[in-house]
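These are the structures, in structure tokens.
Shared chain: subunit A. Partners: subunit B in the first complex, subunit C in the second.
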Partner chain A sequence: MSISTYTMPLGPVHVALEEPVYFHLTCEGENIKNVELTSGHVHRGMEQLAMQRNLVKNVTLTERVCSLCSNSHSFTYSMVVENALELEIPERAKYLRVMAEEIKRIASHLFNTAIQAHIAGFKSLFMHVMEVREIMQDVKETVYGNRMNLAANCIGGVKCDVTDELLEYILKQMDVIEPQLEEITDIFNTNHIMLTRTKGLGLLPQEDAIALGVAGPVARGSGLVKDVRRDTPYAAYPKLDFDVIVEQGCDVHSRTMVRLRELFESIKLIRQCCNKMPKGEVRYPMGKIPVNEAFAHSEAPRGEVAYYIRTNGTDTPARLKWRVPSYMNWKALSVMMRGCQIAEVALVLNSIDPCVSCTER
Partner chain B sequence: MQEIIKGHAQIIEALTPLCHDESAIKHTADLYGNGYHWFRLENSRKIKDAALILKRFPARLIMISAYENTDASVETKELCYHFDVEGIIYNLTVTQNNEWPIVPSITPEFANADWHEREIMELYNIKVTDHPNPKRLFLDEKLDSGLLATAVPLSVMMNGASSKDLWERILGDKEQQR
Partner chain C sequence: MPGFLKVLFRNLLEGPSTDPFPLVPETFTPDRLRGKVVIDENLCMGCGICSYYCVAGAINITRREDSHTITVWHNACCRCAACRQFCPVHAISLIPDWHSAHPEEEKYNVIEQKTIKYEPCSVCGKMMRPVPEAILKKLYVNNDDVDLAHVRSLCPSCRQLEDARRSAGLPAAETKKAVE
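On to the complex of A and B.
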């Protein structure tokens, strides 16, 4: 270490997120040369808890792994159990699952972009995005009764049907939010403050993105055409039309634009679900639990969520393991932050849409 | 009618010799037709060969799942490596036991194995050799590996009078200390 190089501790409390993670920055003047991080402040032992609960109770537990991706966890968990039990789900449930997932994706992406405006010091944009996000929060509350954990999924399908009146309401709300999202996207793509703060910042070259196995908008912001909804189709996604959004800039701005452009794909998917959803049952009962192992993964708002289960013939899993998107994306920060200035750390950190509590489980 | 499961013949052919026999290989599909291929490798050292094969295609490591087999008379731990090649999942299981107590690191081949391997080292006390950065990930350096496994859950304590779990645990620990 040269005489001008020093290490700087950052965290565990941050400006970008309310969850604890500790960074050890090696700096030269204002420039960051290396990043190491220490985690483990909020380990909840959830995988161990899952092995003490029965398969049905674990739907509720897994929905609490993460707040913004909560639906993706109960969704993927239900899928992995269905794979292990070779249990089919009704056609209508496939569409209802996609609809809930995309509603959550819009709310999640808007939250991340709002925080980015907040960190960049563009307070009015932050407040505006959060206000627009309230439309989705209202949709969640009206349709599912909850603003964060929807409790929509269950093993074999979904817990509750959505009535025609509510589908009409969802369609109307999509018409309300769409022009506002266009306006927000335009601001992020043209505003001088946002562009100055985010363009060319936090570079993750495509070869690093491949080597580190990053997921979701972080991968797609580095030009990787990767989306589990397209690569390993599940639920109603194979029957629906949507584009995989990719940006080539490899910077914070590209990751933001992937999230913003994905909002319109989510609206497209929600509309198709509302219009194409067949009538019928919404769940099938569970059958006998065999001795088996299974794997399932899905595209959560932050990226790929993966679940592995081992069943032993009882109603309690012998092993339940999951991997959240942030788990892969943390390591990419060491590439993104190298060469950045200390004042830019919060923006780069937010660009991976980090979640500490789900990383540590 | 025979079901056709999606998969890359070249990958399956290359991984097959790393298993004992055909019974260690399983091919499954989910309800949407996605292929899942399961290989139980002959011993834990073979994971390195498997990683080199998969790297060529090129595969992406999704996750490593550790599993502690508490039912067996001899304590064994298993690791299941989940790889993705163009949306098809290859799951490779290796067993860690007294005969093969160590697992070689695949972080040199797959950089994103770093965190997974560090996590299984500290939470499952599995010995991973040649890891380029074997630092603690979640637990403090001062704590022993596998420490969390020594904790007795409150639910097990509370049910001490109505189930065998607590006493089996205590007797097991006592046996290990001898």
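On to the complex of A and C.
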């Protein structure tokens, strides 16, 4: 260790988001030479909690693992239980589930993009993106009854039907939000402040992305065509038309652009859901619980969420295990941060859209 | 930069996008908002499926000889609406009332509590929860000849006997009042 090299702790309080992350940085002047990551500050033992509650209660429990991808958790959990119970869900429920998922995805991506502007010091853009996101929050509140926890999914389908008037309302709101999103995408693509702060920063070369097994927009920002919705389609996704957005830049900017361009794919999916949704029942009853094990995965806003369940014939699972995308993306930070300056740590961290409460659950 | 200047200029023209609540009486509140759990005491049968599926443990049912009391602690409730989904008689629902601020000392008293009184069976005298009229009408929708008020005054086992008698063409059992 040379005389100009020193170590510096960063965190665990409020590095980028209000979530505890802790970095042990080895720096040379302003430049980061090595990063050690420490996690586990918000471990709540949720897998153990899930094993003490019945299958229905766990829908609500898994929805509270994380706030921004709450719907993805209850969605994937419901799917894994349906796989274990060998239960087929109604066609209409499949479309309703996809719709809820994509509404949440728009809100989640916009939140991350807003925080990006906030960390870059562009506070007025932050406020503007959050204001546009408010349109989606209103949609969630009007259709599902809550701004964050939709409580849309249940085992066997969805809890509540969405009426035709509400579908009309959703379509109308999509028309309102689309031009505003185009404007935001244009600002992020051309604004001098955002470009100088994010372009060429936090590089994750494609080889490293493959080696680290990153998921979601982080993988797609490094040129990997990887999307569970396309690779192993579930729910109504096989019947819907959408593109997998890929950027080749491998930097913070291309990850932001993946998220922004995905917003339009989500709008496209919501419109198709509203128009194609068949009439009929929205949930089937659960039936007998066998001794079985099952697996299900889905594409959350941050990447692949995977659930494994083992049932023992009672209504309490013998084992419930889930893996979240931030777990793999988290490890990629040590590659991204190498060579960065200390002031850029927060921006790089935000670019993986970390969900610490999911990862440490 | 011109891109964002356009946004700034528009914001200046359009003014604030927030409601000045509480200076205005009401703010954005959609009909489907999950605000507060309410119980319809005319429908609740006290079966307890809501408390079985309540992940927050916010629902309690106390059973007595002549009544049952259902209590929902609003501060424990997480508004997941599982109770509404599973209630077989639609007695539990969520209303869009989000005004839940209260002083610290009242935190255990912010509850929804309903006590449902039981009545004696008109034949055997056993205390029972009379079947709500709305449910009876659904159960006997194709039986116009059945006297709903009489059926309502019977406990489940007497009702079974009554149904068997009616199917066999026998006269109805004597009620306690008639005996007296």
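Note that the second predicted complex is superposed on the first by the 360 of 361 C-alpha atoms of A that agree within 3 Å, B and C clash if a C-alpha of one lies under 4 Å from a C-alpha of the other, contacts with A are read in each partner's own complex, and residues count from 1 in each chain.
Assume a residue touches a chain if its C-beta (ideal position, glycine included) is under 8 Å from a C-beta of that chain, and two chains touch if they have at least 3 such contacts.
Computed from a predicted structure; not experimentally measured.
Asker: So, A:182: does it touch subunit B (first), subunit C (second), both, or neither?
Answerer: neither
Asker: According to the stated criteria, A:327 is in contact with first (subunit B), second (subunit C), both, or neither; which is it?
Answerer: Only subunit B; A:327 stays clear of subunit C.
Asker: With the two complexes superposed on chain A, say which partner A:281 touches: subunit B (first), subunit C (second), both, or neither.
Answerer: Neither partner.
Asker: Between subunit B (first) and subunit C (second), which, if any, makes contact with A:30: first, second, both or neither?
Answerer: neither
Asker: With the two structures laid over each other on chain A, which partner does A:145 touch: subunit B (first), subunit C (second), both, or neither?
Answerer: The second partner, subunit C, only.
Asker: Tell me which touches more residues of subunit A here: subunit C or subunit B.
Answerer: Between subunit B and subunit C, B touches the greater number of residues in subunit A.
Asker: In the overlay, answer first, second, both or neither for which of subunit B and subunit C A:128 touches.
Answerer: A:128: touches subunit C, not subunit B.
Asker: Could you list which residues of subunit A make contact with subunit B in one structure and with subunit C in the other?
Answerer: Overlap of subunit B and subunit C footprints on subunit A: empty.
Asker: Could you list, by residue number, the parts of subunit A that touch subunit B in their complex?
Answerer: Touching subunit B: residues 39-40, 43, 45, 48, 52, 79, 82-83, 88-89, 210-214, 228, 231-235, 238, 293-297, 304, 306, 308, 310, 318-319, 321-323, 327-328, 330-331, 360 of subunit A.
Asker: Quick one: in the complex, what on subunit A touches subunit C?
Answerer: Checking each residue of subunit A against subunit C gives 53-54, 56-61, 63-64, 124-125, 128, 131, 134, 138, 141-146, 149, 151, 154, 159-160, 183, 186-187, 190-192.
Asker: Over in the complex, which subunit C residues touch subunit A? Could you list them?
Answerer: 1, 3-4, 6-8, 11, 17, 28, 30, 32-34, 52-56, 78-82, 85-86, 94, 96
Asker: Which residues of subunit B touch subunit A in the complex?
Answerer: 28, 30-32, 34, 36, 38, 58, 60-63, 65-67, 80, 82, 84, 86-89, 91, 110-112, 114-115, 136-140, 148, 153, 155
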